[in-house]
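Look at the two complexes coming up: chain A is in both, with chain B in one and chain C in the other.
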Partner chain A sequence: MLILLSAMALPVLGQDISPKEIVRKADEKFNGEKTSTAVMAMTIVRPTWERTIEFKNWTSGREYALTLITAPAKDKGQSFLKRQNEMWSWNPTISRLIKLPPSMMSQGWMGSDYTNDDILKESSVVNDYDHSIIGEEELDGRMCYKIKLVAKEDAAVIWGHQIRWIDKKDFLFLKSELYDEDAYLVRTETGSEIKIMDDRLIPTRIELIPTEEEDQMTIIEIKEIEFNAPIEESFFSQQNMKRVR
Partner chain B sequence: MNNLKLAWRNLWRNRRRTLITSASIFFAVFFALVMRSIQLGSYDHMYKNAIESYTGYIQVQHKDFWDEKIVDNTFAYDQHLEQQLLADKNVESTIPRFESFALASNGPQTKGVLVMGVDPEKEKHLSNVSDKMVKYRLSPEAIEKIQLDPDQPEKVKELAVLFENSAYTSNSRLQLDLGIDDKKASELMPAIEAHTASKNGSIHMGEPGVWVGDKLSQYLQLGIGDTIVLISQGYHATTAAGKYEIKGIVKIPLPDIDNKIVYLPLDICQGLFNAEGNLTSLALAVNDNGDKDIAQTVQRISALIPEDQRVMEWREMNEVMVSQMDADDKGGQIMLGILYLVIAFGVFGTVLMLTAERKREFGVLVAIGMQKKKLASIMTMEMLFIGLIGILAGALVASMVILYGVEHPIIFKGETAKIFEEYGMEPKMAFWNIDTYYIWQMVIVAFMVLLSIVYPMRKIFGMKVVNALRA
Partner chain C sequence: MTRKFAYFLVLLSLLTGSTAGQEKISFSGYLSDMQTVYRIPDYWLWENSLQNRLNLDFYPTSWLSGSLQVRNRAIFGSTIGKIPGYGESIGGDQGWLDMTWATDGNLGDSAGYVLSSAVDRLWLQFTFGNLEVKAGRQRINWGQTLVWNPNDIFNSYSYFEVDYPERPGSDALRVSYYTGNASTIEVATKIDSANRVTAAGYFRFNTLGFDIQFMGGIYQGEDLVLGTGWSGNLGSAAFRGELSYFRDLDQFKDTTGYLMTSIGYDYTFSNSLMIQIEGLYSGFAKEMDVNSFLQFYSGNLDVKNLGFTPWSFMGNISYPLTPLLNGAFATIWYPDWNGVYLGPSFDLSLNSNMDLSLILQYFTAEFEDPSGAKNREKNTFGFLRFKWSF
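Take a look at the complex of A and B:
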């Protein structure tokens, strides 16, 4: 009965789903419907050197996020907190809690190609953009929707438009091209090493390649991730930034 | 010889005319020389300040550091290379440095600062930061003590209030600002020094602690013993953050640097930026700093250093200042040109009148048998005498002023000093000692005199005796 139902539902999904719905599903798949707890490693690749930072990340909806650096030793203990539209950073070496101004949102996080905005997900790919399907393409043997996201006039986003490739079957972001207001390609992100993590199929390796910089990229690897485990709102507090392990 | 005697006597026949003409030449020479001396002196002073308190004459750097001053563009401090550099005959010592930018904060006060990691001992060969430590300060407490001191005259008390919070690296400047003359200094200064003394400590390699610029400390409202927090990006995009105790406050003569500098011991600074063992620059103290010596030294050193490093000299490193000075120099030369033009017309005017006045005299002389050639040569000698008197007198008086000025540069105080500092200059007007520029000014003025002789010559040779006699 179940099989029959899902077999009937599938073609319906395939045809009638709106582009916004596709993006929402993919976004939720990655960030969790309610919360997510992850252990990740970020490798910054530069022409003459590379460096890996390990961190833990807790999120609750779009409003709350907390990130704690766990390695290397020099950076360990630094934490970043997002509550609604505000972001703080805590540095244990100098015992200072610093509020990051909105002007710093587009700056690199921990020296990587990711911006503070990317890490904190200030803007929403679902609500801040108008979506349209512009085609279907095969990527790594997977059929993808090719969706164009155009930033809404009044949305506080740093991209002019985006093109995202979303897996048709599993709703995975496999590739994204991000363009600025002048429609120049600024960076490309690709998702690979698709694995089952906490019963979900997700890409566990994301490569970010800035267009302008040669031999430069940032790789994020998801080592562990847990979705929708209950996290109290009080977890995302300034006090907890200093305590969390 | 006779001609010479005649010319000399002619000069003093109309004393006033001679003196006025000489005086105009005197002033031309005097002003030109003093102006030039102050100009050259100020440039030299500013260069020296910039070089000696900051860049040094020569630096070895990572090849990309100058264009992109980030801590990734640093090089390993190599003892072997250092030995090779020290072997150069013009290199007196090498001064390792690690400089970068950081955000400094004290509670709500935050400011972008220049962080300099230095070896305080080695730095003595170049910038001598320890000499720039603030020794006296007219803090509100110090002023109160002066106010309550019954021995201090009212004037000193008034001036002390005017200079509230000023910092001094020497007692002579403090004495000047408080309007105490040398005679009373021995009587009044010891008490004032005791009231205003500032307790500065040193920074040492291996010990966390910083020196901050006087203006910066005032902006951040930090004093000795307080803690300053520094945040920046370190080597390979690590986080650089640290808090340090302020050991001392230094007053750098360049206000632009003074309001943003923080000195750290070299190794502590390298640790802060996670770049242990690396340098942003290796400054060289040299024995001879003439342009030619520097150029030759740069050439020799360039051959020694590895490919990823480069040698820079002070002109390149102070490009903005050098071009600023060049522009100012051109402006000064134009001013001199205008001065010369005015004086030249003055001299020519006098000569014109002189020739017209003596037309009849010339006519009579030629009529009674004097050769025009002889008359012309006497006239020339007269003019040369006038010129010589003016030039020599001008040079003599200017020399006295300049020689005094070299020893006692003009130091501005009070409001004027503040205006200078707002423009980023030290409130000091230095003189440049007597040098080749002297000869040039004198040659130019002499040339002006020679040019104005042309007119009487033409008059004499073109003279119609009959007409001249009737004049």
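Take a look at the complex of A and C:
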């Protein structure tokens, strides 16, 4: 999950820094330069109901991720492992490991507006896009760089281009607009509830609103996060899918 | 014995040091009530099944864990008197230890009841780095395909059972060694209520985007079994398969053995529409004397009975009509019987922990009676279930 959140955090340092460097530092700040360990909640909001899924998430770079669902009761204990571009799920109820196909990546994760693609394939906002500063705007009383990210031709990304608003002082992601290849705005993401977590100032609440359904929303809340704890690559294993708690 | 074991685990957990501040005992389960209507040849039958599942998991130390899981049921309905041996079948335990208790009786002339309690998981697991030793009643699941699993020789069970996703456990000892992040070697042995021993080894590894497995051993003290299975993708669709070969050890020289194989594809569209197809070939089917679909409808299966006819073809489509309401439609074609199974189902999330399910099963096929005449048999089953998970 953090992999997708990473793409949304874009602080900037210095004045002569290139837009690509801005995005790189932002990405690393939000995701951890090396690893992250987080406790999160995702709430699916519809006009007449809400559902919340709680989970723990371990990541190492963009290559490795392990996600454990901790609530609701019927899904508790299910885990997902990503290693490079392969993904598995573990269901303790039936003691079954299932290898997930690439087609499942475009499916909403646990019924939300976030797709598995956001988790697994969200490519590097640094390396897979060309960046340019297209202006400055104030959002929630904070001055932001407005940066346009255009997908490189050969990059395997699901967005055609993105526009991101980045706090100039604290280099925080505040808003993203994600456009498909036909330059159609698919969804808008905003970051808020900016707090210090593990000695870093980050937005701890991300709201995702699909363009076509304005009364729908998916909210991600970061409840705890630890950056750059030593996690070996071997942690991201099928054995640990069954062991993590 | 069970109670003593639970006390023992609790005591152990109290005596040992804390593991990173995490809870040492986790308690979960569900309570469900399912109303069933059966339309089978000559009868309308009904049944209500109240079910409670309790899972108690223990994590006393980083290297030791354990689980005790109990399935309690109170069933009443006209099925109990009308289906011979139904009460006894619920009270039966396929495992080496008899950990199922049941009592049944009549409710007037037309209905009966069964109360049952079964321990279907009771295991301890020792973990030493990449090595895991798991002893006790457990589920060993070596399947790769999604419907029929010729490689899953420890826990075969009816596909049509809608109210028991956990399936019974095996009384087994299993040693697993994780040779890598996505590869494992396992050796497992189980003994069943008839003292038949199944013992097999298993190796799974990941290469070129595929999970590939090989297994081999002795099945129920009778057969040599060798198998292979895989999961990967063709394009962006999942491609899964299993192949098993069985050969009777007592008549090893006189027989050539039997093959069983399943192959399936599944694909998920970006709107979460999932389509799935799977085919099964079973060499055992032609040896089977099948005169009614009901012979294989419920309960424990011998892996050899996975296919009732030489060929079975399954298609399934599943789609979240809303994020709260999922609809699915499964169908199976049995060409040798001129038969089909149709299974529409709906699952509605009432709130985070409550679900309502409506499941229909319709089956029609032709069977030969002893005189050789063909008769078409039709069965319809309807299930409505409320489930509260905790």
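Here is the rule we go by: the second predicted complex is superposed on the first by the 228 of 245 C-alpha atoms of A that agree within 3 Å, B and C clash if a C-alpha of one lies under 4 Å from a C-alpha of the other, contacts with A are read in each partner's own complex, and residues count from 1 in each chain.
Simple rule for what comes next: contacts are C-beta pairs under 8 Å (C-beta built on N, C-alpha and C of every residue); 3 or more make two chains touch, one makes a residue touch a chain.
Computed from a predicted structure; not experimentally measured.
Superposition of the two structures on chain A leads chain B and chain C into a clash. Chain A is touched at more residues by one of its partners, and among chain B and chain C that partner is C.
In the superposition on chain A, contact of A:Ile44 is made with both chain B and chain C. Contact with chain C, but none with chain B, is seen for A:Gln107 once the two complexes are overlaid on the shared chain. In the superposed model, A:Lys195 lies in contact with neither chain B nor chain C.
When the two structures are aligned on the shared chain, A:Lys74 is found in touch with chain B and with chain C. Within the superposed three-chain model, A:Arg243 lies in touch with chain C and out of touch with chain B [touch as defined at top]. In the superposed model, A:Lys152 lies in contact with neither chain B nor chain C.
When both complexes are overlaid on chain A, the residue A:Lys223 reaches neither chain B nor chain C. Steric collision with chain B, judged by C-alpha atoms after aligning on chain A, is confined to one stretch of chain C among 7-15, 43-51, 169-177 or 187-195, namely 43-51. Overlap of the chain B and chain C interfaces on chain A: residues 44, 46, 49, 51, 72, 74, 93-96, 98, 108, 111.
Put simply, chain A touches chain C in their complex at residues 44, 46, 49, 51-52, 71-74, 76, 83, 86, 88, 93-96, 98-104, 106-108, 111, 115, 233-234, 236-239, 243, 245. For chain C in complex with chain A, the touching residues are 22, 28, 30, 59, 127, 130, 132, 138-141, 143, 146, 165-167, 178, 180-182, 184, 206, 209, 211, 231-233, 236-238, 240, 266-270, 272, 320, 323-324, 349, 352-353, 355, 387, 389-390. Chain A makes touch with chain B in their complex at residues 44, 46, 48-49, 51, 72, 74-75, 78, 91, 93-96, 98, 108, 110-112. Interface residues of chain B facing chain A in the complex, by the touch rule stated above, are 72, 105, 229-231, 233-234, 236-239, 241-243, 274.
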